[in-house]
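Each of the next two complexes has subunit A plus one other chain: subunit B in the first, subunit C in the second.
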Partner chain A sequence: MEQKGSSWDVVEQALGLGQMEEEGLPWALGVVLIEDRVETDASFLLHQLLKRSLSSNPSNTIIFLAFSHPFSHYDRILRKLGCNLVVHRENNRLVFLDMRLLQCPDGDEGKTRESGLVALYGKIRKTIHALPDDKKNFVIIMIDDVSLMEVAANGSLDHILDFLHYCHTLTAEFKCSLVMLNHEDIYSNMERPTFILDMEYLADVLIKAEPLVTGLATDVHGQLMVLTNKICHGQGSSRNKKHNFHFRVKENRVEYFYPGSRT
Partner chain B sequence: MAESICRTLRNGRLEGEHAAALTIKDTIASPFGFDVFNHVLSQLSSFILAGKSQSRGVVVVAFTRSPSFYVDLLKRRGIDVDASKKWIRILDCYTDPVGWKDMLIECGSLSQEASTTARLCKDVRDLDKMCSSIVELGNGLIGQVKGHFSVAIDSVSVMLRHASMTSIADLLNNLRGHDQVSSIFWLLHSELHEVRVTAVLEYMSSMVASLEPLNCSANGQRSELERVSLLGPKGKFHVRLKRRNGRVRVMYEEFYLEHSGINFTSLSSEDGLVYQGLVPKVQFNLQLSEKERDDRAKVVLPFEHQGIGKPIQIYDGRKSLTESVNEATAVSTETLQTAGDSSNGEIIYFRDSDDEMPDSDEDPDDDLDI
Partner chain C sequence: MARTNPRTSSFSRNLSSAPSSQSPGLKCGPNGTVVVSSGIPDLDKILGGGFPLGSLVMVMEDAEAPHHMLLLRNFMSQGLVHNQPLLYASPSKDPRGFLGTLPSPASSKDDKSRDREPEQEKGLRIAWQYKKYFGENQNNFDGNRDCSHQYCNDFDLRKPLERQFLSGQHVDCVSIQDSPNLDTIRDRCATFLNKLSRNDGSITSAGRIAIQSFCAPQCKYSNMEWDMLSFIRFLKSMIQSANAIAVLTFPPSLLSPSFSKRLQHMADTLLSVRAIPDEDKDMAKLLTGYQDMVGLLNVHKVARINTQVPLILEATTFSIKLQKHRFLVLECLNQAPVDGSSGTSYSKSSSCSGSSKTGTLDF
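Up next, the complex of A and B:
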């Protein structure tokens, strides 16, 4: 019988999370981009990372920008994973920003349009500044759906990229991490999917969730590709490594395993 | 080749010519352009420090990394950074490219600190101002003495997002033509832009270094990404050098990434052999390009059935079509039932003409008088 949660270890190993925590370092992941498809929703990765970051290191602070679901949704899911978000929110370890009502009014000037995003950036920055010095480096910013952010910004991709760039400056300044989810297939019809490419250039770690290439299977729901581009931590760096996993979504947890390791 | 690029940048401009310019271009399938950029920057820096190069300082225009990243990078490569104030200046277009932090300062939620090596650029859309800041920083480096400096731009792709192609071309041309600029190089992610943009930038540079995955038979770019990652951080490094007289040299070597940085392995030390991989040995083009292959697949061959989805009826020369069909079905019902599928194993027989009756018993030679 396998231990519960041990299958998540393979993903953690790929990201090098365990090693960073052993050395008492923050998650120096940089920018993590999770790309999923309609057939394989990868939001479970966000839940897993959220739970992991809250439960492992007490210094970690999460700033969660929710564009797709309200707090109650995440609370319910994380409760099943054994993590109480309400308590964490009360302890200020989780800063939950419900952005579903964010509207960037379509004014005459570009300024009014980007003002919503500027304010959001200001809010994130203020939150980090308000933290005590020893916790400033342990911040993880999560965006649950970049494509809905695009909707909020009236489809102005440039402003989204500007916003992401400013979040990137935060990762450089405070060594915090940025985890974001986007959908690959909504850009597939474009002649040059520059937006998703821009995001891929920005990302230090790329996680792709795709349906199984060989077709549908009963015991495998999809495959994950973890591509670490630029992670550097401690002495060892795992640069340009690629890991492949299969996953199976169960009622309360997700199993991850190497292809072929389970029959 | 990577060496010869650095050497050309080191030697700088010739009297009365434009500055040496290098475009480093990569794609998502082989996204290591930034490593090459860092390699070139650190090589050039060590040349400058050793006093071997024409330029006496370098101005880095930083769009995608913070100034402190570059300082750390040079430190890691064992380059004396304490003296850096004398030979490096960074125009910081990273920290606040479109002035959002400025907007927030007005609201009173931010504070800022100043630095000696770096200068903050708060509006990357104003290229005239940027150009003058670059020149100012460069002049600050070389002082009053007549000298030269180099310029490094770490992402033209980001510039292109904020400003138009023409204004960027104008900026780069101005820098190339500036008397004090000895060499200039920039990084470009070619997939993010139209082909013509890449072409314009390549025209403006005397050297183009492009990074390609090792195995590049053209499937979709998505699968390319996966393939290169399987092969590990390796790839082909193509260099195109343009001489003043118009001669173009194309060379290539392979690169692989290590923890410490990027490494190049030339395929052969002899110059002649370098061409081997590029110039075909036969004068015929034996391979097909992707487009040619597509076109070939579209050609309808004369013997192929051309009715779309419908069965083809071929006139056999003696009966009307409907008749023959009826007859054929009448005759072959039995065989059909056994064979199951009428389209399999069918033989279509063409008769030459109606002159000759089928299966006539008469001897064809009986009118001969033998």
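Up next, the complex of A and C:
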């Protein structure tokens, strides 16, 4: 662990997590958008945030919308990171919603929408309302694959954007955070990639995972770009910072380091 | 000698629940997964054991060459040899006809000529006083080899699969050409996978689904992109909770780029095949064994089930070769030395005939 200084902390610093925890504040991350590509999977960031939020503050509650993998997959990964999801689920600190079979084929009809995304939003809202008052501000909503959500909605982007916008209002209402993963390269060939641009506009923090230009190596699995464009509530000063890291994913942790700092 | 007596240490893995003891087609993979063979020994080695159960494998086709069929054939044959249920869907009129073209596992005589040579060489090098250990190891080694031999066969592409494997009740074929939407294939997949649902601990058999040219333009639904995506999403979530594996090939060049990327993101394991032109003098100069190559295989993504660590391969591009016009082998690309001798196989045990000759004359 001699690399501790250059490990997860650098990303935490970029997100400003440590400071919020010291002051006992909830993670006011706002909307975090993680973008990845076919070559570089960024789901490890979700695992890290999941682990970090469950272990750091006992008030944190996570609502996890799983579109791509079943619970057993996340359970096994988080167990290797030292976090038992089954226990957290039993203690209601993790609300795991398996959305893999969600189908809301035609969003235009009021009836089907009731069973689709609107119902899903209702569920999230109800979950937050059911929490005791002192925990309401410590909610983190995670969506593991927005592009699969689009497929579930049969490509009606407006409904997804509506849903995300509603979730966004929750972040304002309860100061909770929304973390979502999407794939950048799906949209990169479109003439008007409105959907991803809208998502980026919503995001307070944008994390992009990309492969190295020189290809993947065993000791560097890719690079991260963290863009924060929000007003830091502590200092009142506007931060618009960009950080670049390289990362290497291991079973029990992820190493982050500045480019070139590894020999 | 911990290997011969695995129960002495309390840290040893409990082998009683290992599925390999029950059925030959299954093997314990990394991270608590169970893997099945792809039907190509070299591909299994590259992917770290084979295709994990519950994963969706996609193969991107070359629009002008049928190389994906090579992978599909071996995959299907391997399943039939292991008596595993199979569902095959194709855009042709008569998908059952394709079963007649499946290759048969090579007879043991052929195998011997391939595998025995390095062993003999090994025997000569071992000093006589270690003979007693050697006997033990030899047994071990043979046992392992038999196991892996059963797990994954070498297929002789010239010999059709015997009728007995095809006559079983567990082979199901669907034509996806004429159906106006994806409901038929969705229902067939659902009924096929319901029989294989993962509810109890012991895995006795694994189902294989092979879907050829899923988005081919001759299919009537080929302009309904979202329907196709939602079918694949459905298939993926069904597979994840079943003891089954699906291999799906699609022609990316006929699809819109964003649609193709969506499919690639949905795949757990993503491969692509490409033909190589016959007369490309520059390539021939650059690569050894260019004449024997029939195509190139690219590994874009390796399934990451129950783990977050990506498997970084030494090489992602492999050449597809037909050894003795019979066996499909994958080799790392080698830059040509001046004399242009043949390259080494990815797996040392199945070194090809050209280089084994130089091996025996090694001094």
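Simple rule for what comes next: the second predicted complex is superposed on the first by the 239 of 263 C-alpha atoms of A that agree within 3 Å, B and C clash if a C-alpha of one lies under 4 Å from a C-alpha of the other, contacts with A are read in each partner's own complex, and residues count from 1 in each chain.
Here, a residue touches a chain if its C-beta (ideal position, glycine included) is under 8 Å from a C-beta of that chain, and two chains touch if they have at least 3 such contacts.
On a predicted model such as this, the values are computed, not experimentally measured, just so you know.
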{"item": "Side-by-side fit of subunit B and subunit C on subunit A, or clash", "value": "fit"}
{"item": "Which superposed partner A:T194 touches (first subunit B, second subunit C, both, neither)", "value": "first"}
{"item": "Contacts of A:H165 with subunit B and subunit C, given as first, second, both or neither", "value": "first"}
{"item": "Partner chain in contact with A:V118 - subunit B first, subunit C second, else both or neither", "value": "first"}
{"item": "Greater residue coverage of subunit A in the superposed arrangement, subunit B or subunit C", "value": "C"}
{"item": "Partner chain in contact with A:P70 - subunit B first, subunit C second, else both or neither", "value": "second"}
{"item": "Partner chain(s) touched by A:L227 [first = subunit B, second = subunit C, both, neither]", "value": "first"}
{"item": "First (subunit B), second (subunit C), both or neither touched by A:K126", "value": "first"}
{"item": "Partner chain(s) touched by A:R262 [first = subunit B, second = subunit C, both, neither]", "value": "neither"}
{"item": "Three-chain overlay, closest Cα atoms of subunit B and subunit C, distance in Å", "value": "11"}
{"item": "Shared subunit A surface residues [contacts with subunit B and with subunit C]", "value": "none"}
{"item": "Residues of subunit C touching subunit A in the complex", "value": "31-32, 225-227, 229-230, 233-234, 236-237, 240-241, 256-258, 261-262, 264-266, 270, 300-301, 304-310, 312"}
{"item": "Residue numbers on subunit A that touch subunit C, as the complex places them", "value": "38-39, 41, 43-44, 47, 69-70, 72-73, 76-77, 80, 100-101, 103, 105, 145, 147-148, 151-152, 154-155, 183, 185-187, 189-190, 216-218, 221, 249-251, 254"}
{"item": "Residues of subunit A defined as touching subunit B within the complex", "value": "114, 118, 121-122, 125-126, 129, 158, 161-162, 165-166, 169, 172-173, 192, 194, 197-198, 200-201, 225, 227, 229, 237, 239-240, 242"}
{"item": "Complex contact set, residues of subunit B against subunit A", "value": "28, 31, 65-66, 68-69, 94-98, 100-101, 103-104, 107, 109-110, 157, 161, 189, 191-192, 194, 226, 229-230, 232-233, 257, 259"}
